[in-house]
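A, B, C, D, E and F are the chain letters, set down in written order, and residue numbers restart from 1 in every chain.
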Amino acid sequence: MKLVTASWMEIDSYLTQSKSILIPIGSIEQHGPNGLLGTDALCPEIIAGEAESLTPMLIGPTFSVGCAQHHLGFAGTITLRPSTMIQSLVDWVASLRRHGFERLYFLNGHGGNVATIQAAFAEIYAGISFSAEPPAPLELKLQNWWQLPGVAELCREIYPQGDGMHATASEVAVTYAAYPQAQKQVSMSPRIAPTGRISHAHAYRERFADGRIGSDPAQASVEAGEKIIARAAESLVREYASFDSGQVER
Amino acid sequence: MKLVTASWMEIDSYLTQSKSILIPIGSIEQHGPNGLLGTDALCPEIIAGEAESLTPMLIGPTFSVGCAQHHLGFAGTITLRPSTMIQSLVDWVASLRRHGFERLYFLNGHGGNVATIQAAFAEIYAGISFSAEPPAPLELKLQNWWQLPGVAELCREIYPQGDGMHATASEVAVTYAAYPQAQKQVSMSPRIAPTGRISHAHAYRERFADGRIGSDPAQASVEAGEKIIARAAESLVREYASFDSGQVER
Amino acid sequence: MKLVTASWMEIDSYLTQSKSILIPIGSIEQHGPNGLLGTDALCPEIIAGEAESLTPMLIGPTFSVGCAQHHLGFAGTITLRPSTMIQSLVDWVASLRRHGFERLYFLNGHGGNVATIQAAFAEIYAGISFSAEPPAPLELKLQNWWQLPGVAELCREIYPQGDGMHATASEVAVTYAAYPQAQKQVSMSPRIAPTGRISHAHAYRERFADGRIGSDPAQASVEAGEKIIARAAESLVREYASFDSGQVER
Amino acid sequence: MKLVTASWMEIDSYLTQSKSILIPIGSIEQHGPNGLLGTDALCPEIIAGEAESLTPMLIGPTFSVGCAQHHLGFAGTITLRPSTMIQSLVDWVASLRRHGFERLYFLNGHGGNVATIQAAFAEIYAGISFSAEPPAPLELKLQNWWQLPGVAELCREIYPQGDGMHATASEVAVTYAAYPQAQKQVSMSPRIAPTGRISHAHAYRERFADGRIGSDPAQASVEAGEKIIARAAESLVREYASFDSGQVER
Amino acid sequence: MKLVTASWMEIDSYLTQSKSILIPIGSIEQHGPNGLLGTDALCPEIIAGEAESLTPMLIGPTFSVGCAQHHLGFAGTITLRPSTMIQSLVDWVASLRRHGFERLYFLNGHGGNVATIQAAFAEIYAGISFSAEPPAPLELKLQNWWQLPGVAELCREIYPQGDGMHATASEVAVTYAAYPQAQKQVSMSPRIAPTGRISHAHAYRERFADGRIGSDPAQASVEAGEKIIARAAESLVREYASFDSGQVER
Amino acid sequence: MKLVTASWMEIDSYLTQSKSILIPIGSIEQHGPNGLLGTDALCPEIIAGEAESLTPMLIGPTFSVGCAQHHLGFAGTITLRPSTMIQSLVDWVASLRRHGFERLYFLNGHGGNVATIQAAFAEIYAGISFSAEPPAPLELKLQNWWQLPGVAELCREIYPQGDGMHATASEVAVTYAAYPQAQKQVSMSPRIAPTGRISHAHAYRERFADGRIGSDPAQASVEAGEKIIARAAESLVREYASFDSGQVER
């Protein structure tokens, strides 16, 4: 079930059976010459959607704009300051707890979000920890889709070279599979982009002229994307089932 | 063009021709027994999408979670505090200005957002107004989709009774047209919901037992939704063209 | 009774009979060549004072500096950022609730405050709505003095032309009636100021050279002001009595 | 000249001759059984008004609600959190600097404001100090009216006993002189209130049962108030003249 | 006992006997040509450490970076904005209250901190005062080390001339006694620095060319420092014992 | 050179040769029955101090209180909320940039700080990235002392079993080497603490009864600590030299 197309009565009924929800979380930022600005929001949304077609689970709305300050040198990028993102996540979690949700699984599509999401978790937990009163149950989990068991292996198999670190062949492939009409043919040079350290937008643009880091996303194809989506969705189904049932891995 | 499926190079190229962008903005909140939680985010997204199929324009990502504190008594509702929403909009606008955008048109789907969006505009403008330096050009416009010229007339024609104020027959119809598989058959009583004043979530739930205000959304149909979408999209095309060309109405 | 000149014991005693308070709220901002910088704070203060002379009611201190960023191009204007105004109103309301006040009626003198006051109400209500605990009773009401029943009709009657939108003949007249020594004779050209869209201070000054919008405030007179004050005060007495007695209009 | 009843053109003209402004700043808080809730805002407003009748100077609007958390146990008290007051003062000063004001003299009526006003000054200065760019001139000065040269001596002379620390005979007298109709006859016991340490509102109410600290304000009279106002106004005229002329005392 | 080198079990055990803690609080800021940047943090830390060697007491970690915006014109100075310092102190106090601490004694080393620490106290108390619920006991006390009974007298005796206001001979001597290897020989001219008003960093550097105010710290010596430390520590032992035992002075 | 015991003139002179500074950053939080509350602040301070004794470098003051909300169930723990820590780091970095520092190396002692420090870096960079103006050079680097090249290998060699994840044998050993008088003999059971997931303080205390995670810190000794300090300091000297010289590793 997708929260966005459900009614409140359907969510009420769902909550009698499960206190869990999956929230795709991403970013709107440049993904090189042939990648989509929405890649990092779309990938977890696509994979979660596929998983939900395999097994009953509740998918929340996508938290689509995240931490992308380093990409602001490239048109179309939209970012929250980390402090704004923390306050936003505080509000999302407070809203969902109000209804009785106890287990929130954030499926993330953007490496640059990880620190701020974890800081937001700590901000939320701090609100609980400052109080001596025992709280309502709460488990917050962050998982990056490319770290779901089995996914990285498949990506390396498909793209032994040039999968890269940003605007990766894999993530572009995932979006091409879901939005084939959005495929773009752009010649890129060098074929595999340079790698380096990330800081602010001015330095980023200087180091990574077309936005890519270490990748050759010209390799991206609908077929590869479909394989990755299938693998990630299966893996997510298993991991989320365990999360939903209250098993907490380290 | 949709920003989410465009590349940064495509946006760069677009900016040589226009400095305008349309951003759908809504809310994730209960919409009565047969309405979708995402109604207010989906309606402007659907209408903007239809408009963009008629004429070249740039549609940004949807700002989907807004001000819905009064609906927190119903499961699935997610809200930002107004102060968080203001900071988020400050960041969105700062990001887009960084790329050279000068004219931002927010197509809104939620009456409860209006005050906070206008407060956010004032917050952004204040940053400019405190400085004696003349700023880069900036025009921020808010329009509610149901106030696009010609739309209210059509809705009254289709639903002479019970269109209502919240969980309206019209908005439910718009979402049904775009997501026909999300239609819900729920019997509601009374047929037309009561009306009243909105304050916090506890009072809201007491006054409006199933979430609707003044509406009979059982009347919603795919056919009606299609008509409303068509009318709103045509109207939007005209209004946005005028906005894009720099004509500023009062 | 005016809170500012009352003692805490008098307020304590008042609270055994009523949980309501009226708070004038305005702005310190340019009001054209012959209008007072304090116009928007003085008007609700004057009208509330007149009403209080007619019937027992409690008038709080005036919240005098509001949202006036767009007027910063004219000397003497003082503004809060909307985010600051929201936090200030949060604190005022928290203070008054601490004493047992349950019904707060804000009589507003400045159109530019409306959005931010409503956003502040939502911020306050959100604090209540996030909690599952039922709150102490709270009703927050915003009314603009020029929208009190019967006032607009009178103003149109007195000023069939050039009452305008900012630095209106009516509001200048109200202040002249209360502060006759502050009347100013300034020739203005054109007689009726232009109208247009409001954004930031730089654009405002360009569009509205002397600060007025659509008005001919040279028409303002003590006599007209007295009539408007009388009408507004009578209307306020009736509306506030209904508010105080717990009747909640839509 | 009072800013509130001046026009922007009058302020524009004033700024060609002086870059200084005096801002009365106070608090709305209990002042014992016979003192006014507005005492701390009214006193500097009254004294500044008297000074302005003696010599040309510019009086800004009164910053009336300040830091009064410790008085929240007594009805009618309204407070800002210190963090809110800091942001408010940041905005006031930014507004006034926008117009070219360079020298701001805050005449304070409330001891509990002193720390937060000074912290606000440091917050404002920090915005300047973090930058390597030399700023526009800015001098911020805080003076408590009861510390104007010659005032304490007079108060001790008039009230050799029981002037006190809060709800003092002197401050009540000042308000009685300006608002004689607001005088209150209340028997207080003990005649001179106890003294002690101030912390939060719960402890305050326990320690100071009727709100007074160390004072016998039953001694307050219109005549005494008139003398204090006269002395304070003369003293202020001298000190402000020196401030306005750019002499900076240590 | 020093909290930093204690275990949580030792603190747990300590709390069965006392609910008090002493927190040294200072600043990292220029202290003239021969003074240490850490002077204001080190002085209270040194004196508290000496006191703790005389009698059992609990010393918390040093709050070392405070309000030093006015010194930013001199290399090495680090400051918090007052608003940041307030939030930090809010968090420190909330943490300590969580464990059952009820009496917090801040031994301060920097005059520029005083206002912001007091504003922070008011911010913390406000959180308590807005609630009608009686709070857990809390006493917050601020003492400047140079105002401990008997200290100023000794300093005047040792340095009849040129102890000064900033980068004082006394404070430099205290740090020299504890960090003799950090002594610096620098010729300063004039021998006694000028005095004047403090505002922002640009004005400060202009007025006080080498950073000192009114002082001749070339007089500082290890011997003098040892005497001051001894006197201050003895005085602190007495004052803190009284604080710990719950006696509250005015 | 240590900034805390240096003068501003010494820092001024240093800045003509290097724009780099190392800042130890840690936490004040429980470290099990025999570990010090200050462990995470002391370890980087100790290691940096040792490195500075080997080669000229500048060590800033220790940022000692960090993100420790999960340890609030154990007495003595002090935490900042992540949002407060971000603002504090924003201020520290703004202060240091004011003096011309361009390269800041944070040597971290607490895993729970990592996310928030990275979020703070992004907050700082965002301030730069929103502007189209090229910034002054800035490189921010975070390194955990236990991840300095060669350190983990040594720790595993010394503690093949039970080094653990929190209150590790290694970190306790480092503090014992520097503060031998703070060694504590406490019997712990089980010998090796359990492992598990970290969330808020209530869950933490339930899962980890004496505070340790996965560790047997009874193994800690001065000798082991000395070895680890020596290895870490040598490694830091090399890594920092490379950082200082402007080489940026990925």
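Everything below uses one rule, namely that a residue touches a chain if its C-beta (ideal position, glycine included) is under 8 Å from a C-beta of that chain, and two chains touch if they have at least 3 such contacts.
Only a predicted model underlies this, so the values are computations on that prediction, with no experimental measurement involved.
Annotation of subunit B and subunit C: jointly contacted by A, D, touch as defined at the top. Counting hops only between chains that touch, subunit B reaches subunit D in a minimum of 1. Within the contact network of the assembly, the step distance from subunit B to subunit E comes to 2.
Using CA-based centroids throughout, the chain positioned farthest away from subunit F is C.
Residue-number overlap of contact pairs with B-C passes half for only one option from E-F, D-E or B-D: D-E.
The two sequence copies subunit E and subunit F touch through a face in which the numbers common to both exceed half of the numbers used overall.
Centroids built from CA atoms put subunit E at 47 Å from subunit C. Put simply, the C-alpha centre of subunit A and that of subunit F have 29 angstrom between them. Centres computed as Cα averages put subunit A at a distance of 54 Å from subunit D.
Touching of two or more other chains is recorded for residues 72, 79, 81, 83, 87, 95, 98, 129-130 of subunit F. Under the touch rule stated earlier, the contacting chain pairs are A-B, A-C, A-E, A-F, B-C, B-D, B-F, C-D, C-E, D-E, D-F, E-F. Subunit C meets subunit E in the complex at residues 94-95, 98.
Subunit B makes touch with subunit C in their complex at residues 67, 69-70, 72-73, 79, 81-83, 86-87, 112, 114-123, 125-126, 128-130, 134-135, 138-140, 195-197, 199-202, 248-250. By the touch criterion stated above, subunit E contacts subunit C in their complex at residues 129-132.
The touching residues of subunit F, when paired with subunit E in their complex, are 3-12, 15, 28, 30-38, 41-42, 60-62, 64-65, 72, 74-81, 83-84, 87-88, 90-92, 95-96, 98-100, 175, 179, 182, 184, 186, 211.
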